[in-house]
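Think of it as A, B, C and D in the order they're written, each chain with its own count starting at 1.
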Amino acid sequence: MNPPVATPFFFYLLSATVIIGGVLVITRKNAVHCAMALITALLAQSGLYLMLYAPFVAGVQIILYAGGIMVLFLFVIMLISIERTMKERQFNKQWLVGIAAAAALGVLFIGVYTKGRNLFPNGRMQFADAQNTQAVGQLLYGQYMFAFEIASLLLLVAIIGAVVMAKKRI
Amino acid sequence: MHDLIEYIQSYLSSNLTPGGAGNWFWATVYVLAVFVGLSVAVIAMNWLERKILAHMQVRLGPMRVGPHGLLQPIADALKLLLKEDIIPEGADKVVFWIAPFIVVLAAFTVFVVVPFGPTHAITDMNIGILFMLGVSSLSVLGIVTAGWASNSHYPLIGALRSSAQMVSYEVAMGLAVVSAILMTSLHGIGFYGAGDAAAGASGTLSMIGIVQAQQEQQMWFIFKFFPLGLVAFFIFAVAMVAETNRAPFDLPEAESELTAGFHTEYSGFRWSLFFLAEYSAMIAVSSIAVTLWLGGWLRPFPNALQGPTWDLVFSLFPGATFVFLGLMTFYNVARMPKHPLFKIQTIGLAGFGALLGAIGLVLLIPQVRVRVNDIFWFSAKVAGFMYLYIWYRGTFPRYRFDQLMKVGWKVLLPVGLGLLILTAGLGMRTEIWEAVVRR
Amino acid sequence: MTDPKTLSPLDLETPDKTFLDANELVINMGPQHPATHGVLRVILRLDGEKVMGLECVIGYLHRGVEKIAENRTYTMFNPYVDRMDYVAAVSNALGYCEAVEKLLSVEAPPRAQYIRVILTELNRIASHQLWLGTHALDIGAITPLFYTFRDREEILKIFEKYCGARLTTHAFRIGGLQYEAYDGFEQDVKAFVSFVKPKIDEYEELLTTNRIWLERTKNVGTISGKDAIALGVTGPVLRASGVKWDIRKALPYANYKNFDFEIPTGQNGDTYDRYIVRMVEMRQSLRIIEQAVEGIPEGPIMAKVPKVMKPPVGEIYHSIEAPKGELGYFIVSDGSTQPYRVRVRPPSFVNLQALDLMCRGQLVADVIAVIGTLDIVLGEVDR
Amino acid sequence: MVAKYKREYGSGISALTHLGQNYFEVDRSLIPDFLRLLRDDEKFDYCVDITAVHYPKREKPFDVVWILYSFSRNERIRVKTQIADGESIASVVPLWETANWLEREVFDMFGIKFEGHPDLKRILLPDGWKGYPLRKDYGILQQDNEWVQINLGIESGQ
């Protein structure tokens, strides 16, 4: 059996990376730096998935988010004039609403944390070793088939819509 | 000392990868070995590419530094390391600094799961192939940021092309890979009649598992469901050239259009990192192709030529190859000009030949022979791909960007999709048949 | 988006500030760029990778050849013309020598004429070979470059044996030739002809049916025959557009009327047709050389020309079919030893003007292909 | 053909032949019409070259020369006119597109202005250059030292 990778050290390291990356995303003025921070956060997140013995999800996270979506993000960001975004103000005047929302979220977290012990009685989740990918596949194509197909149909509509909108300009 | 030998022997007799065994020491040794081996391979590739390309183009290639230019890559590396590291004034310094490291990290991390043999891999992940595709897709990030950070038009266009190219060819590549993964769990219709040994085997994403599936089914996947495996391999072979930005898909660095594409502004050490990354990425994707379709570390004709005699013959190959290379070198030593000025060169070449011969002799020792056989076959197959890369470069003109996209989206993608459906259908033919009959 | 072909250069000078035009990218290509064949600077206006228009900035290699001519005697200026189109130096010299000969009302003796034709046609092959190698390199095929340079070397060897120089040969004199053909000249030329014929097949094997080559060159940089005439385009570019016009046939000079050869033409006027036309031209040049070598007459190689040339007052325009197109010399004489005015009508300069039209609506990669296919030599464009 | 134009324009045109090459000497005022006629009626559809010659001692020091060719007639002719310094002449870009760069070069080298040219600016010399090098009063070693000093940062280009 694999040696445990779910040690607290790794957990705190990865969590700290995610949090620092997240903070950098909203504080940096340069959009490309934001994107880089976001990528770091996403990679650390996939590390967290690995710790949950969900390697498939981790791999998909890397391929889709870090390798796919973020490349397209950067693609768009690079074409935006950086000079103009640098002059823009980072935070707007909605800070009161923001604080209220953050406070509400914090209360929710604390609530879950205090009451949460009842929600997960075993303290840790069961994981299906090695069969993980197969399990995901069977769930997606078995139990959640309908939802899966609906989601893919939605994406198809989005793609066609994007093409139509892009084509209009030519 | 004795303990050490025993320890090594106990390891050698185990059938686990160091990662799988959780053995930190061996894992470190393997990481170092892969890293060093990869660097040497890139250096050798550099020399070989220049030589082979030169001979394709009726010229000699490097001849001055060392006998037959053997030391040329070392001289180049020294030059690159000593060169001034120029950062353009308008560049985004941090990103400019980080970008080459992203590319190199992505290119090297991939090798964690590459199986050079049943136990010769740093580790075996059950999402091995997914990991390889994922991590290698990260190198796009480095290219894109490098192009952007240079703050110059040509790198930017190069980066845009590169990212668009890599993202779109990843799709076709993924489809081809999926069809190979499907084959791991499906009954086979053999190209040459054999196969079907692995009925009921379950599919796997593990790199080692994929090769083992080929071993159990007694068939390389390139021949499985003939011609489906071949077509899938072909799609992958095209996509992997595009993925590594090599000719004829080398648009991101098309020198006649964009000077050097995304790394136009890079120089010295940082440029050499891109170079290193490009070549190790080539080796990495070739490894995927070899693992998925060409039977990984398995020797040729696993089903036709069986038995201890054939095993012995094939296990002699690695040593024989090196001895042959050594003899070739000695032949060239004999052909060196008999001039006092060439003395050092001649001695150097003879020394190189002796080194090759010695390696060959070591590889002929029975104990060594058995352990390195699989590494040899894997490397030989990868080397074949490397030769193909050079060959393409010497032969093909460059695609234009829209044509490249057309090939990717309008040819490879539909073919890959159809292939996937056909493979699945053919693999499940008994189930489908039963379902139809039961109706 | 409007069709870029309909925009005039004036529209490009003042792009209207709509949302889309704000996304136009202006790219400066050159003067130091690997694909501009020298010091050509091209300012591209791009919409994405689509070329909306371009402007050539030339003159980086301007040496004032026409001014120099006014300060040199007719003989002294002869070597200067080699420096214009330096890959086809012999053609330049032929045009200049014949123009001055016409001004002097002398004619080179037949033997000189034959040797001139042989050398000029050899030079045409050399020029086309160099063009093919660099053009293929621009499109990404690196190997033809080495093949063509290997074979061009044989031509340069003949030049070197003949007059001691390889590139800027200064091969001809006003009134004929300075050097008699060396011993074995005819054998060398015959050997070259039989050597290079299979080599041209070899180039064609690499490219003519190569799918990538076809995709990169078919329907790229198309120019109609009408546009080509309006833009004054000459040479293979004009012929590829379907206009069957070659000065060697239309207004024969030297003794081209004695030789049997064909003028290749294309239909579409695209890059591929220009490639094919030049390939056929090489073979036709070989045909001319074969006939000329067979028919070299004995006799003097120099007409009676005064030591100090003082052409009578008057002016002359004489043009020849250089590898790039119509190369004309307009020489005004005031009766002194120095030309009063020499005007060179450079084919590359005029052909380059068509670049804008040919590239509109194409992609950046095509601009490189089109620059290559125009076969410009900056030494001639800028003079 | 010659006779016809002689009748039409009278003394403004003279048709001459030198060394077997035909050329017209045309009065400046007749140039636009005459060239248009040559292109439209006589099918001289290809403008080979446009150039100029400087005769400083003459009253009208510049000869402007058009060299034209007709594909259908397989015939080449020259048209010449004399203009004074500072005078301008009609551009033929609307007739032959190729005249664009050729006229720019004449402007660059002689300072002759072409009316109606879409973009008359220097072509071979840099934009800020002073002087017109192919005029006879421009010495062979002469150059725009000021430009050289400002743009190249050296004392002299010689």
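Here is the rule we use: a residue touches a chain if its C-beta (ideal position, glycine included) is under 8 Å from a C-beta of that chain, and two chains touch if they have at least 3 such contacts.
Everything quoted here is computed from the prediction, not taken from an experiment.
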Those chains which touch chain D and also touch chain B: C
Furthest chain, CA centroid comparison against chain B: D
Rounded Å distance between chain A and chain D, as computed from the means of their C-alpha atoms: 70
Whole-Å gap separating chain A and chain B, where each centre is the average of the chain's CA atoms: 31
Distance from chain D to chain C - Cα centre to Cα centre, in angstrom: 24
Cα-centroid distance, chain A relative to chain C, in whole angstrom: 61
Of all residues in chain B, the ones touching two or more other chains: none
Sites on chain A at which at least two other chains make contact: none
In the complex with chain B, residue positions of chain A that touch it: 2-3, 30, 32-33, 36, 39, 55-56, 58-60, 62-63, 66-68, 70-72, 74-75, 78, 130, 132-134
Partner chain A, residues of chain B touching it in the complex: 20, 22, 92, 94-95, 98, 125-127, 130-131, 133-135, 137-138, 140-141, 144-145, 147-149, 156, 159-160, 163-164, 166-167, 170, 202-203, 205
Residues of chain D that touch chain C when the two form their complex: 18-19, 21, 45-49, 51, 53-54, 65, 67, 71, 74, 76, 78, 96-98, 100-102, 105, 109, 118-119, 122-126, 133-134, 136, 138, 140
Chain D contact footprint on chain C (complex, rising order): 8-10, 13, 58-59, 62, 64, 66-68, 70-71, 102-103, 105, 227, 229-233, 243, 245, 250-251, 314-317, 319, 326, 328, 330, 332, 340-341, 343, 345, 349-350, 352-353, 382-383
Touching residues (chain side chain C, partner chain B) in the complex: 25, 27-28, 33-35, 49, 136-143, 145-147, 150, 206-207, 210, 212-213, 215-216, 363-366, 368
